[in-house]
Structures are given as C-alpha cells and as structure tokens.
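Here subunit A shows up in two complexes: once beside subunit B, once beside subunit C.
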Partner chain A sequence: MTGKENPSPMTVPAAAPPVHSDTAAKWFILSSIAYFFIVGIIAVTIAAKFVWPELLGTIPAFSYGRLRPLHVNGMLFGWLLAADMGLVYYIVPRLCGVRLWSEKLGVATAVLWNVIILGAVVSLLAGWNQGWEYAELPMPLDVLVVVAWIMFGANIFATIASRKYAQMYVTLWYIMGTILWTAFVYLTGNFAVLFTTGVNQANLNWMYVHNAVGLIFTPVGLALAYYFIPKAGEVPLHSHKLSMIGFWSLAFVYVWTGAHHMIHGPISQWLQTIAIVFSVMLLIPVWTVVYNFIATMKGQWPQMRDNVPLKFLMSGVVFYLLTCFQGPMHSLRSVNAIVSKTDWIPGHAHMAVLGAFSFFAIAGVYYVIPRMFRRGLSSEPMATWSYWLMMVGGLGFFVTLWLGGFWQGWQWNNPSIPFIDTVVALKPVWTVRFFSGVLIFLGIVLFAYNIMATAVGASEKRTGAAAAV
Partner chain B sequence: MFGKTDVSAPLFVVAALVCFLIGGLMTTVVPPLVDASWSRPFKNDDPSKGPTGVLRPYTEIELKGRAIYVREGCWYCHTQQTRTILADTVRSGWRGVNAPISTPDEFVYDSPHLFGTKRTGPDLSHVGGKYDVQWHRTHFRNPRDLVPGSVMPPFPWIANNEPEFQALVAYIQTLGRAKDWRPDHDYEQ
Partner chain C sequence: MSDYTYPSIFFAYFLFFLLVAGALFFFLRTIKQGYWGCHSEDPKYHMLHDEEVKHDDK
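Let's turn to the complex of A and B:
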C-alpha cells in the first residue's frame, strides 16, 4: 500500500465541467426510487396477509389476489427496470464519449413510463388482470410499454451509433442485447399469447416469464455490474475474453429454458428434457461472469470495508452465483419434485431480483447520484445502514423460505399428511419472512430518503446560488 | 465472427438476434407443430386406454366464473395441474381413488391458461364436483369457518353477489371433469 487513501466513491471531485446534463437519467432514477418505496409498503402488506389472513380482507382492491400482481409488476417495472433504464442513460453516453442522442426523447420516455406505472396501479387494484404472470397489465398499457421501449432503444442505439470510441465495452453489449431481446420476449409474452390457448399459451407465457428475468434483468444487471465494479473499485476488468464467452453463451443458452417451469406438468416430456439440459448449461455463462468479477476484485477486497457501492455489488455477485446455481438444480426432475410450487421458489426469485439485480441497481444509484447532482451523498452512515438492513433482511427472507419450502415439499410428497397441515406448518416461516421483509423495507426507506435528500439538497444549493447572483 | 462484434454494432445486432432466435423458435413455434395433443381436445371412448370422456367448451356462465377467478388472482395460490408425481395424483384424488395426471388435451379451451406456479392452497385441477354450492358459499365468506388454519382470504363480495357467486362455482365445478375418473358421480348435483 502506498498509504494513499482512496476517496469514497460517493464523494465527488469538485468543479469538473458538466458534460452530460443527465436529465433523462435523473427522471428515471428518482421516480423508480419512489416506486421502490411505495411498492415496498405493498410487499410488506402481502407478507403480513400470510400471518394475518383477515388483514384488509373485506376490501376487494386490497385483497391478496390484487396486491400480489401490483407488488410483482411494481417492483419489476416501476422500480427495477426503470432504475436500470435510468442508469443506462447515465452509462451509455460516458462509454461512447458523446452526449445522449436526445435528452428530450429520454425525458418523454420517463414521463410515458410513469403514465404506464400509474395506469398499472389503477388497473391491477381494480382487478383488470389479463391472467398471465408478469403480463398482467391490460392491453392498452402493453402497447404503451412497446412504444416506450422503442423510444428508449432508439435513443440508446443512436447514441451508440455516434460513439467516439470504436471498441464497445462489454457493458454496451449487454445493454444492446437487453434492448433487442426484450423486444421479442415482451411481444411473445404479451401479444403472441393472444393467438394461443392451453399448454401452447403456457409455453409462450413461461418463455416470457423466464426470459423477463434471463434476457431483461440479467443482461442489464450484468451491464451495470461490468460498469460499476471497475468504476467503484477503481480497478480494471480482469478479462475481456472471459466477458465475451459469458455474453455469447448467455445469448445462445438462456432462451431455451422456459419449459422448466412445467417440469412434471402437462407439457411434452422431450421439451422438458431440452429445458433441463439448457438450464444446466447456464452454469457456463454464470460461472465465467462471476469468475471475471471476483478476479477483478483481486487485492481490492479491503475496499469492501467502507465502499458502499462495492458492498452492494459484490454481495449481488454472490447472490447471482447462488441464485443461478439453484436455478439449474431446480430444473432437475428429482429436485423439482420437491421444491417446485413451494415457498422455496419465492425465496429463489427474491434472491435473483432483490439480492442480485436490485443490489446492482442500488449500487449504481449510490454511485451516480452524487455525480449527477454534483454533491456528496447526504449521509454515508445511512447508506451503510441501508446495506446492512437489506442484507440481513434479505438473508432472513431467502433462508427461511428455502428451509420452509424444502420441508413443505417433503410434506407434500407424503400424501398421508393432509394439505391443511402443510399450511399450518409453514406459519412460523411466514412470520419470520414478514419480519425479514420489514427489515428490507427499512433499508429501502433509508436508501430512498438518502437519495432524495441528496437530490433535493442539490436543487436547494442551486436555487441558493441562483438567488445569490 | 464474434471477434468483430465488439467494434461493429450492426454485426453485433445480427449475431445477438441469431443466437436468440434459434432457441426462441425451437422452443415456441416448433413444439405445437410436433405435438398435436397440445391443440386437440380430449376425447376417449375406449376404457382400455384410460379414463373415458370428452372435453367440452365452457358455457357462458362458466366463462364468466372463470373471469372472476382470473380477476381475484385465485391462480396465484392454486395450481391447476396434477403432475406426474404419485403424491399429486393421490392429493387430487377423491375417496380413495387417485386422479389421472393432467394432459395437454384437457386445456385446449383455456385462455388465459391457469396452470399456476405456486401452491399456497391445494391444487384445483380435479376439484370439480367435490364440494357443493353451500360449502363454497360458506368457504368464500370465511374459509376458516370450514378449514381451521387456512390462510385463504375471505371473499364476502363474491359470496354476497349471487350472479358472481353462481358463475364462479359453475366454473369450479368444471375442473378436471373432462376425464370420467370418479367412482360415484356425486358431482352431478
């Protein structure tokens, strides 16, 4: 060690001339954080309903069956995808060495996105639910999503087309892949299903559900990790070649696996087997990517002590490794017979979407907000607290559901145990899950407050400076 | 080919789409062409080939009930598939008779499909005819009155709305009845 102290990644080098206005990024990120908080309340509410089934039980709009899709869609599209899009608006111009092609188009996209999310809240509470998982939103909103995605994609591709550096960093590949694949995956899950019924429709639905995670949130999440791990740690990426293997194997393998949601179900056995084989092959892209991140951190681990973005990033990497080890294992027929349809699955899904991809996005937000608003983060200790609350709450959530779900699966496989007994047995598990959820929510509150305080403080400072002139 | 994709965006786009579309087409467009049973309604007159019966389209009132099932999100907690797992056939069974496993040809009139992913409550693929109207009315009003320990939400706005309640029960009574698998036909009432 040279004795030089690394400055915290959340303080900003003063007086760098503003090159990027980042208006679109700010709109997307701040609104996504508002939804993170609001939908967090819904998340805690539905966890509470498992413990107290009568809670809000006589109000149709607040029944479990209507709040659950709002929780899922709100977190996926209101928080995570919007935060990812905001961070993409920040990253792409910087990696290309040019300004965003059109800030105005970006802001218009953000406004449209907010219209979609507010429309989703109204329609889901009213019970206007199409009945497909992750594709619950009614048709007019689906059309608006497509329009917004085209606006987003056009802006990003036009920026990349005008780039100053010929070589595209791996983050840009993942972002372009996300934009292209999402288009097809979304059209399949929301429009192609209309022309089918029964098992054929379920197959398209699972192709969409699986790839919403695998070809939307995974590539854009990895794009963030590939950008922010080297940035927050101030260390070069370990291997360009490995990142290439990881990317192209993901591009080829992921889409084949949708039918693993129907293992043992009423769908052709040969299709189940294909899905299983490709699910296991997913270990290739996952392990190459994770090895690349871990090797990048070689000699840099002491930074984890007080670098909050790195804490979130590297914990996210570990959760990504774990969740993508579980996935292929679940697809094996023998394991699937125990864990499928149990509470294990929400434990797995939350580790992917919260533990891995939301952690990447949170790290990115903590990193970019001080840079966009040109002001140090409102409170660094609060940021550390948000990490530990989400980490402890998250682990409590994942681990209890795995244990509970595994136990539940064994009970189901013994048909001499009446079904209701397997419900009653899970009650302690759901109680622990509720309190873990409260911890996660407190972490979200601290995160949201910290970011908003930084943003508002920045605008106060600007107004103050303007008033002084 | 892949070596040049990190300096040429058009080449990248082509490669990324080709990689994706191979698997995409193989797993979505091809399977229903290969497996005719995905779109042929169940019909069997020969007892030596398993349960006899025929899958009939939903009536108007059943479709209305199905829409309520979708609206209230019943499918988030109840699956509709008896899987190729022995315990599933026992749990979906009735009075000591195991239910047949669910096959694609039983679902060709289903849109949206309601196979489900999570079993917080029991599977409903063969629930049709097991419980009468009065049981369902009490159960929807407050599930814990009939099943102590249940975590199912109460649905008073359905139990107290006669047309909606009748429609929902009419739909539930259709579940699993394409195949004639039960020893006594008590579900007729």
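Let's turn to the complex of A and C:
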C-alpha cells in the first residue's frame, strides 16, 4: 500500500476559516524559537570548552560553571517548555471545539514567561544560582514561574471545562496531567528541597530532576505526538483505549523512579529497590505509546518521504523508545555501577530532551505555523535540511556519548588508572560531540530562520483558497 | 538552625498522596464516563476534523 497523496502538511488547507486568533500561541512559539537559537550558541560554546578548555579565558560569566546551567535552563524552560505551552494553546481550543478561554491572559503569561527567561539569563551569568540541578533559578524567579504556571493552568482548565465534547481525546488528558504534575514537581524541587538537609535533600533534588523529564516533558511531549501524528498523517490513531492505558499507567508509575539516580549512594536499599522496580515498570506505558504510534502509521510509511513533521515525529518516537529502554536498564544496579555519572547520562538525557521531545515540538511548530499565519512555509527544502542536520548531528552526539560513557565507566572502575588519565582519554569523544553539536546547531538555525521567515511573510506562498479567506 | 527535614518530607508525602488520590478518583470517573466502553474510540475521529469546526460559543 502506498501513502496517501496528501498535500504537504506545511501548506494551508483549502478551507481554513479563521476561528482561532492564536495570539498567545504565536507569542510563546516565536519567543521559544528565539531562545532555541540563542541557547544553541551557548550549547556549542560549552561543547567547545570540553575540547579547548582555555576558550574564552577566565571571564567568570563565560566560565563552564555559569554557561552550563544557562544551557540547561534555557533549553528546558526557554525553548522546550515554552514551545510546548505555545502548542498547547493551539491544540486545546481545537480539541475542545471552543475558543481559548482568555487570549489576553495567554499573552500576559507569555510576557511573564519571557521576563523569567531573561531574568534567568542575567542571574545565571552573574552567578546567582541556587546550586541545585535543574533548580538553579534564584527564588524570585521560582515564584514567578509558579505565578505563570497558575495563569497557564487556569486558562487551559477553563477552556477544557467549556468543551463541546464530553469525552476528551488523550492529548487533553496528558495536558491536564502535565499541568498538575508540574505544579507538584516544581514545588517539591524548588521549595521543599530548601528545607531539608543532607541525603534527604539530595534525594528530593533527584526526584525533581527525574520527574522534570518524566512528569513535565514526557506527558506534554506525548500530548503533542498523540495530536500531531494523526493530524500530520491524516490518519486516525490506532487505539484510543490503548492510549488511555498508557496514560494511566504513566500516572501511577512514573513518580516513584527518581531515587534511581542515587543507586549505590547513601540512601536506603529499599528505596533504591523501589526506584529500580518502578523504573522497569515504565516499559509498560512506554510500549503502549510506541506500539500505538507505530500501528497508527501502518500503511502510511511512504508519507515519510515528503512529510517533514512526520519525519520529526516518527524519529522522535524511535528516540523515545530507545531512551525509555535505556532508562530502566541503567537503573539496574549492575549497569548503574558502570554508567552512573559518566558521559552516558548526558547522552541519554539529550536523546530524551532533544531527540524525542524537542523533535515532537519542532514537528508541531512546522505543522501549526503555516496554519496560524495562514501562509505556506517559507521553504520546505530548508525544513528537510533542518531535519537531516539535527538527525545526523543528534545520532553522532548520542552514540558517541554512550560509547564514551561506557569507556569512561570501565576506566573509573579500574583503580589503577589515575582520574586525570580518564579525562585525557575522552578528548576524541568530546571532539566528535562538538562537531555533532555544530550540525545540530545548523539544523536549529535553518529551523529558526524558516519559521521566522514564514511568520514575517518573507515568502508569500498562500494557496488560492487561503488567500481568498 | 532549625531542621525542617521531617516537615518537608511530610509535605512531599502529602503531595504524593494528593496525586495518587487524584489519579485514583479521575481514573474511576473515566470508567463511569465511558472511556473503556463501546464509545471509547470516538475522540480519535473527532480530533481529525477539529480545525474545520465553526464555533458559536462567544
């Protein structure tokens, strides 16, 4: 069976009445892409510092210790979460069959979010840092994040409350889960952690770090994938019931896995074992999701030739499967003894955040921008190039760090090898990582340029029907 | 300096409890609302046509 002869999902459909203004979605998405580009420069810079440690001298603001938190927070909250929020503002009114409850509140949320990100840039470069992984932002910015999240959540829940259809599509379930779980995870990781000491403090911090990925970026990323795979492929989801099984198993399993970051550490053995057991149980929600997406694509694979959003989406699904297989496996005590704290971990984290969830968000942006601005994408070949650059760069990055991480772990397990020798030995790995990072960054540049050019109308490619609207 | 370790851990447990209780409550409601019955596949067809819907709500 061949794929359907659909028009590109990045052209405007023939009949697209301007029902939604999408102002909040545009604000969030365009600003997130600007941060993707800016923080991409920081990412390449710190990758270069691994190879050339003298780069940028001894200027404190440009030291690794200040740039690295900026890279992490910038990518997580400036790019990915902001892009996800923008896409949620686009998706929810459509799935509910109503307009967004308040576009003004959405725009105010976007303005506040930009204030937070710009504040983060200034404070982290100045060294004002709480010193906690993923929770580096200073307290005033943490409070603003909570305020912005309440504004976002109120707007989305009020929209869902006024929906036309009683039964909600699975994307809405994941979005509501994200809003509630983020509130819980963020409060624990940024506020409760400050009142603890010692091992308990570390344990709470790692629960936050793991759940930042597992209960914030995973559910919202899957919400996007469940929406955009059927939309971009113009094919119904394989099974809605199976998607609900995946959602509820994730809801009951994910929260208990954080302590697997402290295996072989000074926490109780029973707590480590619980984290390992629940980590392995994650294979259940993961496989329900991946099977559903692959079954949805049955007979539709030829669409992958020309459909850029589907290229990103299905590659993201494969990376999601790989990263979620890695996670449970390296939570096992024997594997953890080798890979823990090595370069394997950033390889794993980048495959989750970039390879899976950023790919889902990029696909969503390529899908919604032509529809929101009511003009065809500025350049479809450029979109294809952005995919291949990020794909090849990403693969080089992930695979190099996994192999390098194993190598590093084996060396660390040999007490006869001095630590500094293990650092020197990894230089070839970090060189490949740098050049892979350059490829990823070039992909980001093409993506950002293409979207911005479309937004400002650099290449007017309206279809006849759309132009007549 | 006061040690707030136990209150903060109880706070975290309280949040865990809220999440589990909320998840259980809403999971049981999905059974009542037909997500597991013969109409469980309806939403996946609605969503394919959501952009063409002409709204009359506001």
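FYI, the second predicted complex is superposed on the first by the 451 of 469 C-alpha atoms of A that agree within 3 Å, B and C clash if a C-alpha of one lies under 4 Å from a C-alpha of the other, contacts with A are read in each partner's own complex, and residues count from 1 in each chain.
One rule holds for everything that comes next: a residue touches a chain if its C-beta (ideal position, glycine included) is under 8 Å from a C-beta of that chain, and two chains touch if they have at least 3 such contacts.
Please read these numbers as outputs of a predicted model, since none were measured by experiment.
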**Request:** Evaluate whether subunit B and subunit C can sit on subunit A together after superposition, giving fit or clash.
**Result:** clash
**Request:** Would you sort A:236 into first (subunit B), second (subunit C), both or neither based on which partner it touches?
**Result:** second
**Prompt:** Which of the two partners, first being subunit B and second being subunit C, lies in contact with A:332: first, second, both, or neither?
**Reply:** neither
**Item:** Which of subunit B and subunit C A:188 touches, first, second, both or neither
**Value:** both
**Message:** For A:399 in the superposed arrangement: first (subunit B), second (subunit C), both or neither?
**Reply:** neither
**Asked** When the two structures are overlaid on chain A, which partner does A:253 contact: first (subunit B), second (subunit C), both, or neither?
**Response** first
**Request:** For A:162, decide between first (touching subunit B), second (touching subunit C), both and neither.
**Result:** second
**Message:** Going by the contact rule stated at the top, is it subunit B or subunit C that touches a larger number of residues on subunit A?
**Reply:** B
**Request:** Pick one for A:283: touches subunit B only (first), subunit C only (second), both, or neither.
**Result:** neither
**Asked** Touching A:294 in the superposition: subunit B (first), subunit C (second), both, neither?
**Response** neither
**Asked** Who does A:105 touch here: subunit B (first), subunit C (second), both, or neither?
**Response** neither
**Item:** Touching both subunit B and subunit C, residues of subunit A
**Value:** 166-168, 170, 180-181, 184, 188, 192-193, 196-198, 200, 204, 207, 244, 248, 251-252, 255
**Item:** Parts of subunit A lying in touch with subunit C, wherever the complex brings them together
**Value:** 13, 15-17, 19, 94-95, 97-99, 162, 164-171, 180-181, 184, 187-188, 192-193, 195-198, 200, 204, 207, 227, 230-231, 234, 236-237, 239-241, 244, 248, 251-252, 255, 371
**Request:** State the interface residues of subunit B toward subunit A in the complex, per the touch definition above.
**Result:** 2, 5-7, 9, 12-13, 15-17, 19-24, 26-28, 31-32, 34-35, 38-39, 70-77, 79, 81, 83-88, 90-91, 101-104, 106-122, 143-144, 147-157
**Item:** Complex contacts: residues of subunit C adjacent to subunit A
**Value:** 3-5, 7-9, 11-12, 15-16, 18-20, 22-23, 27, 30, 33-36, 39-48, 50-55, 57-58
**Complete:** In the complex, the residues of subunit A that touch subunit B are 49-50, 53-54, 57-58, 60, 63-66, 68-69, 127-133, 157, 160-161, 166-168, 170, 173, 176-177, 180-181, 184, 188, 192-193, 196-205, 207, 215, 244, 248, 251-256, 258-259, 261-262, 264-268, 271, 274-275, 278, 337, 340-342, 345-346, 412-415, 419-421, 423-424, 427, 430
